[in-house]
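Which chain is which? They are A, B and C, in the order written, and residues in each are numbered from 1.
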């Protein structure tokens, strides 16, 4: 069955070649999988690794950091199955709260998507590009081959030792440790190229816009550049620890896009709307997690570039205000005030915007105005868990 | 994570933190098995008690010549079977009935609760190893052996025939590959001692009404073997040494 | 590196005492004083994060109380290193903003996710206006934990006491004693 499908794909691609307007020197040579559906370990070494991976998966299943929302999981699972087809039943999805751009797929079929990724992608096709890329690693056994390599086994043990915290001696993890843990799944450049290609292939077959693949990587490189340009010591992207970025990548992906191009301007599939509807409900949570990292340069960059900028203007202005208020340099409080004022014009602004407005006005000793917004906040959020503190602020008067 | 020399003893690289703790208990002069319980004389539990055997957390690995641990799924699977047989045999000689753990569906909200209980048990187990078995690390504010998971463990009773106690078992076992054994012999000739495989484990008995850990045993050995039924039975005997009747 | 030091320490037992009993009398720590309630062991400075005074009842994997202070303007709760981004305290902060820096510090210190926010309210510290708040989080060990913090900004300096414990059973177990201790705090 699979061979038949591959024949179809190859003929399809050859025909596509003939139909394209621009001349292309090389045809797209399809990638073939090294694992079959319903795959089980072949030998003792692999079985031993699966043993540890299965244990890690058990812990992940009930992790407090796992996002269990049915709608979100169903939506992402649908994308996975659309791309993975016959392999769909072998893949189990785990979405975790981790404010970094990253996705990982283990040889036993578990796929982990970090919330920072869901925050950053613009549309479903970009999400499909990353998932397709990870599926490429899985189908070519890249991770498995790397893990079997002796050097990485030691790291795997350390990584999978979930539940064993330090003696309480030193901080359990800096962000660097967090990133290093992800590097257990590090890939070589050759593997990266192959996964890129396979991802594109899967995307095309599933009728996604393959041009979006290049856009995802470009966006990540831009983010990284922008943050470093500000002479910031803010730590890098875990994805790049495992997927070395290269300028060539965009070029190569664009080439594939040329080779595979059938339609010049594909219509916007209706799935984009579903992407926004499904993922938008989580943007606040994801942005909160981002703010807690205390990486204001990166947060600022995200607030300027996220597609949610158009969809959720109230939320974006609110977080602009948060950044300014927290930075608190000369004039920032006044700028923050302006952002919050703008935020509350929009229906998507969180109730907290009223509270923060009260805070910045209080800091400027404009008590009456502050009190008015605090009262708004208490009215819109009757169950506010900081009610008693707000009431205390309301009792504060000029002395 | 790291290897270091201490007083001429070369310790193999430990990748598992629990193994570090076990090693320390050995080096700080404790006996190879040592158990603690909440009562100095071990009372009988009930006239006939039901003991829930939690899924044994066991892993067998090969210790390669280079000092790395390679887990072996086939050894681990058969070790689980051997140990289960040994537990059943062991209980037959006593006044209690062994119940095997029935795990709820992933979709069942109970499974989240149980996962939290098991995770907490792991943390409490580590704390006991650190504070009860390593010389100098006893908490002065905690004079008696007094550890508990809290009464919410009763959730375990519901799906498991109302068991009175739960027995948790944790074992990590490594065996020298032939390459490693050759190195050991060579090293011995040169007068240097190399670690062979290590067997570390602990067992705890939890009162499923109060959550109290009524009995806890730690095992550390260089010679145990879980790859055959006979030696697995012996290991279980070591682990359950002193278990209240 | 610190772990190595601890291990070496174990072999030279005579040279170090990891835990000492907290005596049940008024204790001065870092500019604040507290009256202990219940049975606690104090961690030696070698075992505490950045030498911050820390007490525990069942071992720091299960519960702990950390005493921070005095933290001055533009100082951090945890200093960290070149690789970290711990936030700074500023003397003009309102209690709501202190909550933010504690959440950010805990998030980074334990690789944690904040699971739930608790209440924030005014709290008298020796009859002076302070605050108290809490939240639930889970760190890299995936164990849900509860946190309760009591603090005050006095003379432009922040003093804050953080209690944290495993959510299942342990948080509630010592809560009454902890609350008594927090009520007994005064700034020297």
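Here is the rule we use: contacts are C-beta pairs under 8 Å (C-beta built on N, C-alpha and C of every residue); 3 or more make two chains touch, one makes a residue touch a chain.
Note that the structure is predicted; figures quoted are calculated from it, not measured.
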| item | value |
| --- | --- |
| Central chain (by mean CA position) | A |
| Of B-C and A-B, pair with higher C-beta contact tally | B-C |
| Distance between the centres, which are taken as Cα means, of subunit C and subunit B, whole angstrom | 32 |
| Centroid distance [mean C-alpha coordinates] between subunit B and subunit A, Å | 39 |
| Subunit C, residues touching no fewer than two other chains | 59, 61, 141-144 |
| Residue list for subunit B, restricted to those that touch at least two other chains | 116, 119, 123, 126, 130 |
| Where subunit A touches two or more other chains, by residue | 59, 163-165, 167 |
| Touch list for subunit C against partner subunit B, complex | 4, 7-8, 10-11, 13, 16-22, 39-41, 56-59, 61-62, 141-144, 166-170, 173 |
| Subunit C residues touching subunit A - in the complex, by the definition given at the top | 2-3, 6, 43, 46-47, 49, 59-61, 64, 78, 80-87, 90, 92, 94-97, 100, 103-104, 107-111, 113-115, 117-122, 131, 133, 138-144 |
| Residue ranges of subunit A touching subunit C (in the complex, touch as defined) | 59, 63-65, 97-98, 162-178, 233-235, 288-289, 291-295, 326, 328, 355, 359, 362-363, 385-389, 392-393 |
| Residue ranges of subunit B in contact with subunit C within the complex | 2, 4, 6-7, 20, 24, 27-28, 116-117, 119-120, 123-124, 126-127, 130-131, 134-142, 147-152, 211 |
| Of all residues in subunit A, those that touch subunit B in their complex | 41, 44-45, 47-52, 58-59, 61-62, 150, 153-154, 157-158, 161, 163-165, 167 |
